[in-house]
Amino acid sequence: MRFGDPIQVRFAGAGGQGVMLAGVLTAEAGMHDGLHVVSTQSYGPEARLGAAKSEVVLSRDEIVLPDVRVPDIVVCLSVDAYRKHGRPLAGGGVRIVDDRAIPPGEEPDPDTVVLPLIATARGLGPGGELTANVVALGAFVALTGVVTEASVRRALRHRIKPALLDQNERALAAGQALAVPERV
Amino acid sequence: MRFGDPIQVRFAGAGGQGVMLAGVLTAEAGMHDGLHVVSTQSYGPEARLGAAKSEVVLSRDEIVLPDVRVPDIVVCLSVDAYRKHGRPLAGGGVRIVDDRAIPPGEEPDPDTVVLPLIATARGLGPGGELTANVVALGAFVALTGVVTEASVRRALRHRIKPALLDQNERALAAGQALAVPERV
Amino acid sequence: MKLIQGNEACALGAMQAGCRFFAGYPITPATEIMEWMARLLPPERGVFIQMEDEIAALAAVIGASWGGAKAMTATSGPGFSLMQENLGYAAMTETPCVIVDSQRGGPSTGLPTLPAQGDVMQARWGSHGDRAAIVLTASTVRDVYEVTVAAFNLSETYRLPVVLLLDAMLSHMRENVELPSLPVVSRRPPAGPGFQPFAGTEFQAFGDGAPFVVTGLAHAASGRPRASDGPNLDRMLRRSIARVETADDVIRYRGIGLEDAEHLIIAYGITARSAAGAVQLLRREGVRAGLLELQTLWPFPERLVRVLAEQVEDVVVAELNLGQLVLPVRAAVGGAAPVRHLGRADGMLFSPEEIAAAVRTTEDREVARA
Amino acid sequence: MKLIQGNEACALGAMQAGCRFFAGYPITPATEIMEWMARLLPPERGVFIQMEDEIAALAAVIGASWGGAKAMTATSGPGFSLMQENLGYAAMTETPCVIVDSQRGGPSTGLPTLPAQGDVMQARWGSHGDRAAIVLTASTVRDVYEVTVAAFNLSETYRLPVVLLLDAMLSHMRENVELPSLPVVSRRPPAGPGFQPFAGTEFQAFGDGAPFVVTGLAHAASGRPRASDGPNLDRMLRRSIARVETADDVIRYRGIGLEDAEHLIIAYGITARSAAGAVQLLRREGVRAGLLELQTLWPFPERLVRVLAEQVEDVVVAELNLGQLVLPVRAAVGGAAPVRHLGRADGMLFSPEEIAAAVRTTEDREVARA
Amino acid sequence: MIPGFARYAQGAAVLHVNRAWCKGCNLCIAACPSGILSLDADQRIAVSDIDRCIFCGLCAVRCPDFVFVLERPILHPFEALT
Amino acid sequence: MIPGFARYAQGAAVLHVNRAWCKGCNLCIAACPSGILSLDADQRIAVSDIDRCIFCGLCAVRCPDFVFVLERPILHPFEALT
Amino acid sequence: MPRVGEDLRQYLRIEAMPHVWCPGCGHGQVARALATALDRLALPLDQLVLVGGIGCSGRTPFYFNANAMHTTHGRALAFATGLKLTRPELTLITTMGDGDTAAIGGNHFIHACRRNIDLTAIVYNNGIYGMTGGQQAPTTPRGARTVTTPLGSLEPAFDIVQLALAAGATFVARSTTFDFDELPSLIVDAVRHPGFAVVEVLTQCPTYYGRLNALGDAVAMLDYERDLTLPQEAITKEGLAGKRPLGVFRREVAPEYTAQYAELCARQAERS
Amino acid sequence: MPRVGEDLRQYLRIEAMPHVWCPGCGHGQVARALATALDRLALPLDQLVLVGGIGCSGRTPFYFNANAMHTTHGRALAFATGLKLTRPELTLITTMGDGDTAAIGGNHFIHACRRNIDLTAIVYNNGIYGMTGGQQAPTTPRGARTVTTPLGSLEPAFDIVQLALAAGATFVARSTTFDFDELPSLIVDAVRHPGFAVVEVLTQCPTYYGRLNALGDAVAMLDYERDLTLPQEAITKEGLAGKRPLGVFRREVAPEYTAQYAELCARQAERS
């Protein structure tokens, strides 16, 4: 693993973009991978407006601090979220940002991977935009290897209603595919 | 003064018999006599039912304890009050009890002066029974000399509505007269 | 010279201090304060209102304070428990006001007509979160008057809710007193333009200048909410706490025989009377006892207690509860002298003899050891 | 192994402990406990109800407990402040029940979504009068589950309301845990005829035997009021307090490196995690630090703290407030070692480094002195 | 005989009076159609002439202190109301 | 020109739009009788063809976010209602 | 041989008597009416819980030979709610004063009315606070004197019946201590009603309300109560003529909460 | 040149915007109606105090360029009472949600209605708790889903208007966020009314109430509001047909408390 231990991950986006679920899926996948995990998330109005976040700490040992201060990996799905939660990033970390979430005219930092996450989700058919979080999760898995694909799939089966499972599994795959050329 | 310092006085009777006022008048008289005084009284249901009490501590010095544990003087206007608050009494103390307040068949303790306080009050004309407390106060003044008559009269003028002042002054005198033969 | 009840003295002290708003709710043994305020306020064009409960009473008091009135409420334990949320709001919004708690036997409905000192810790710690607190008490009817004035003055000076602890005995007893006119601290208006309502201790009422915001959320100096800015809140709380803890007019106390005391009695409120009696008894016997009567319980006078403890052989804390102020006493003394607690929750006062006996016991122990 | 939230662990712990009644009112960050109970109770024929406010929630819990149900409510600071009167009632009536307070930044509305440990003194002293109190806390999601079960068990054993303090972080964070089945203490029915409901810790619900009386007034063993019998109340309170203070199953704690510690860190709840991290850091540097993690805050483990303090050079108390549990720590240590307080009210957690730095500072001082 | 109660008989009919609970409020006196009730010097209820009692029970239904118990062979119209 | 607002003019009439406050709720879109409002990729309001705007002001009165300000020479019937 | 009153003694906790109420207090008459109602209802006393608040009326449970829960001020209905939900088979009656019910307890009162849990609330309305010594109540009529309204109250009084109706109570009645015949019957009906039932009783406080408002003693106050009120059947087309109506204002069967809840549990238990 | 909406910006505390409410939340529409009403009332903003409780609606005062007092949960009217009595010349408007008003704050609400102090209470009724994430409110219709009634609420809902009427409020009205024309007018009338005025506004919570009850987005919920209600003038002799009536239900001039109190003080001051 290219990151230290513990690994700190942050998902950020607008309320309704599913960043909470992305965090929980990551944590649960980490658990299936045999890691200790802690996940936290925004609450209250913050969670419902433009810059919500969820965070996961993963470690081989018992986790001391549950909150994330300088994440190793940040995933951003909205402009507001990018502005508020996109920084800081640990040295050697990765920032995965939707291509529409970079504020117009701004140049992303060099440690940033810009991907069409939401556009890819939309391309998955009706209701597809609701799976942007899982597309992002796929990219995250492919780019960082922090959790295994198998464990993410197991977490998906546990957390996603059967009727929506197929679409989410396709979103995961699409995210992974999207990220392959960018593998870091 | 035959009593020590501080002197502790208790008035006891049924709610409505005016024992609260008797205590306040005694305390105020003591104040006019240049003494330090503290007065206390029953509160709540106890003050409204058969065995209410009010207590006064008088002293030439600052008063340490405001509550009365073993009074030097007890004045009782009802059977219930006599039963509940008539004892204990300090050595050398005096108990002044209405003649109807001794429970039937009971022999009063030797340190007790039994007087027809309520009957005397009734004899003062319509509404006279409401001044039994002041009759008792008159007897108390005459028997103990703890406060001066002049100061009691001053307290009466301060605390009693003008319309009722004359009747109360007569009650005071009647109580004093009642007690003269019993002077201790 | 007048013969007045403790509760009347409290009402008169409030009027003297400039209180012009009272909201309350009936409860034994505090009710007479409300009854007196109902009579005393209207002729002064002050506002009296009986509210629907104690929560509303304190809410109305805070509202009135932001209207510019010096404001007070009075209650006893059960009502004081209900006021804890709004007491915290008053602290958070730095609202000057006075809350009287006439203590009765507890917990719960307890012994409604009997005295106690069981709300001493609650007065400091009853509301959630951290805050600055000033809690005063008194031992005579004369003191009730004076300390009520002090409560208002401190409340205005430090922009804080101030709690005054009485008890069923002190509230209801009458004593002969002289009630002098005392210096009164007025509410300080903003010094100039650009006023920030939560930057200092100046105060602007609603309607008296530019509009502003008051909130129980963590907030900026402007009053505007900063509900997830923790460091800002931490700073504001520490500032408010430091104001009262570094002040020189907050700690009120009275000493008897402290100069040469070998045995220190710490007492407060109604119990200080018994303790003073105990010092008399002991001194007569040749035992060098001294009394520290605290009128300010919170902020707890740590340094004072520590310094005194270092000069004596032992400390006795007497209070009408099962061990409350003894906790900060022990923390302050920090081993400088043995601390013995004399407590009761039986609705009765200590006699001087009972306190003297406790001191003698520690004294005997010294002798035995020697 | 499951990934669950602290609030979910609390609800699952309650169900495991046999809780069959929950009444609550929405408040951040405790609400999810209520939401879980709304789902978990009906299939077990337990009762869930959302009441009109927090006062009513605790009232309903107490009513349910006298109906024979193990009962719980959950709230945060503002609601906990409102519950103080009925908390005292529960203590006075020796009613087993559990009250969860998930602490957030305060005072008042404060920092509603951020963690704090600012209700530690309130949990003990927030209601008027004296009472026995058991207050627990936890530092991991697994602990939340286990301590919730312990809260019910202690509540039943000692017939007391037990307070469980969580915080916004612990309530909302998810952790991977195993949830074992744990021993459960059942309510003990009367042993025989002539049962006196307030003579011991046996319990009879309404409707399960001869009629009896429950009151918040001071009362006899029969339950009948004795509203002016102070000595009786004093006796009953001391008995109830003695029960918990002399018990051997009430004080829960966990130690790290206490055997050879020269520097003692005392911490609890979420802060104990940071403190454990600090001990790791310090030990790596060769500094002999040890952690006392308290799960029971009240009754305060005086003797334990005193004994440990005598074995170390200094004590650091770390907590997310501006100085609360440090007060009983100082009182208990009584000068046996210098006590340093590390507090914050900014809605943030201590990092292990911050706590380690505080220990190092005391260590440096030692070195400088030597 | 009810323990603690004074007993006033009129043939088989009996008016039992628990003076210990009486607080002297006058409500029974005002209600009594026969005018046989009054307060004595202790401000407690006294029955002056039981022979004039019509056993209507109004004293009992008006009394806030549970002082009266009536015992009689025939139900009086008021009785259904108590 | 209102600072921070986008300006859509139709002769003397102007529709000012404060995109920064828009939360993308669709209420104005549903209310607009001319169908010239839509959300862009940022989920914020966009005006497609200001020439078809009838300046009725329904967007403004429906908007929960104070996004719209209308400026026009003649009062529209709806205006009294806002 | 029938004994009027003797049957009632069995409902009393004799050792707690005499009660705490002042001479002539109407609360004793309400207690008698309650005892009479219990006699007619023939409930097992060990399955009955009287729940009192704080204040004079709140002490009622102490004098009955049933289970007694004396709670905190204003909260009796909230305690009763928890108890009843846990033990739907028990009969619960709350005894609260006007201050207890409508001042500090107003919120619990309206919510209890709304939820329609099978409880009976007897509201003793004497227009004043007795226990603490004669302060204003939310039922004190405008202009009436109390120790906290020495010049007469400025506030309109609540109409408890209207409040109960608006909040959704399914049985709502009013009576007085003058009406010794009606009152026990209304309490019987209220207890039998399968839902939340309110019985407001106008009762006299001669010690404070009577004295402060120069209404005379208890005897005079009973006459005052009579003159102040009008039984519903006596209401003519001229209307109330300023009087307060008495009788049953609503009696309506609606889904009862504990029954609904039991059903919900059963459905849930089946599912799982 | 007139600017629709521009006039309203002066009432807003621009630096506090955008507000905290979710996309499509009706509370923003109520805030706009309030701003419109203020524009018509032409009140000096420094003599206006908006008093909010806790919850989504309680935040309203933060967004206005007037004095703002954000209080504790349920207690806004009690704070406002103290402030208004001290400063009768100020205009006070409370902004409270349904939970704030009728759950925890129910008691203060009915007492404010009773006392008739010159305050205006705007009650935002969206039938659910928003700030804490979708729990049952006392206005949640029976059967509706919330996160604490996952199988549908068992409790009847309060009718805020009926409660206000029974408690004695002298101005009582109801409107909805659909009625963008009526709502500001009602607020204007309420503020001008010399006494306690209640304006209940039915408002949509698409985030929780809408989602949990499958009512669609804010646009669909406005239609739902329209279909759920009936303006008073549209009520035919067939009655409400299960709909909630809108409009003014009481507008009655009665003695106002602060005026009465000032009179009492004047009388007293003369005497002494």
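By letter and in written order, the chains are A, B, C, D, E, F, G and H; residue numbering begins at 1 in each of them.
The rule we apply is simple: contacts are C-beta pairs under 8 Å (C-beta built on N, C-alpha and C of every residue); 3 or more make two chains touch, one makes a residue touch a chain.
Please read these numbers as outputs of a predicted model, since none were measured by experiment.
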Two chains sharing the most contacts, counting C-beta pairs only: C-D
From subunit D, the most remote chain by mean C-alpha position: E
Whole-Å gap separating subunit A and subunit B, where each centre is the average of the chain's CA atoms: 86
Gap in Å, rounded to a whole number, between the CA centres of subunit H and subunit C: 39
Would you mind pulling out the distance in Å between where the CA atoms of subunit A average out and where those of subunit C do? 54
Please report how many Å separate the Cα centroid of subunit D from that of subunit F, as a whole number. 55
Taking each residue of subunit B in turn, which ones touch at least two of the other chains? 44, 46, 49
Taking each residue of subunit G in turn, which ones touch at least two of the other chains? 22, 70, 72, 103-104, 106-107, 111, 131, 138, 151, 261, 264, 268
Junction residues of subunit C - those touching two or more other chains: 28, 42, 52-53, 55, 78, 85, 89, 108-109, 112-113, 215-217, 228, 348
Please name which positions on subunit F make contact with subunit A in the complex. 23, 41-43
Interfacial residue positions of subunit B with respect to subunit E in the complex: 14, 49, 79, 100
Subunit B partner contacts - residues on subunit G that touch it in the complex: 20, 22, 131, 207
Tell me, which parts of subunit H touch subunit F in their complex? 1-6, 8-9, 12, 17-19, 21-29, 31-32, 35-36, 180-181, 184, 206, 217-219, 222
Name, in rising order, each residue of subunit D that touches subunit G in their complex. 20-21, 23, 42-47, 49, 51-53, 55-56, 59-69, 71, 85-86, 89, 205-207, 209-217, 223-225
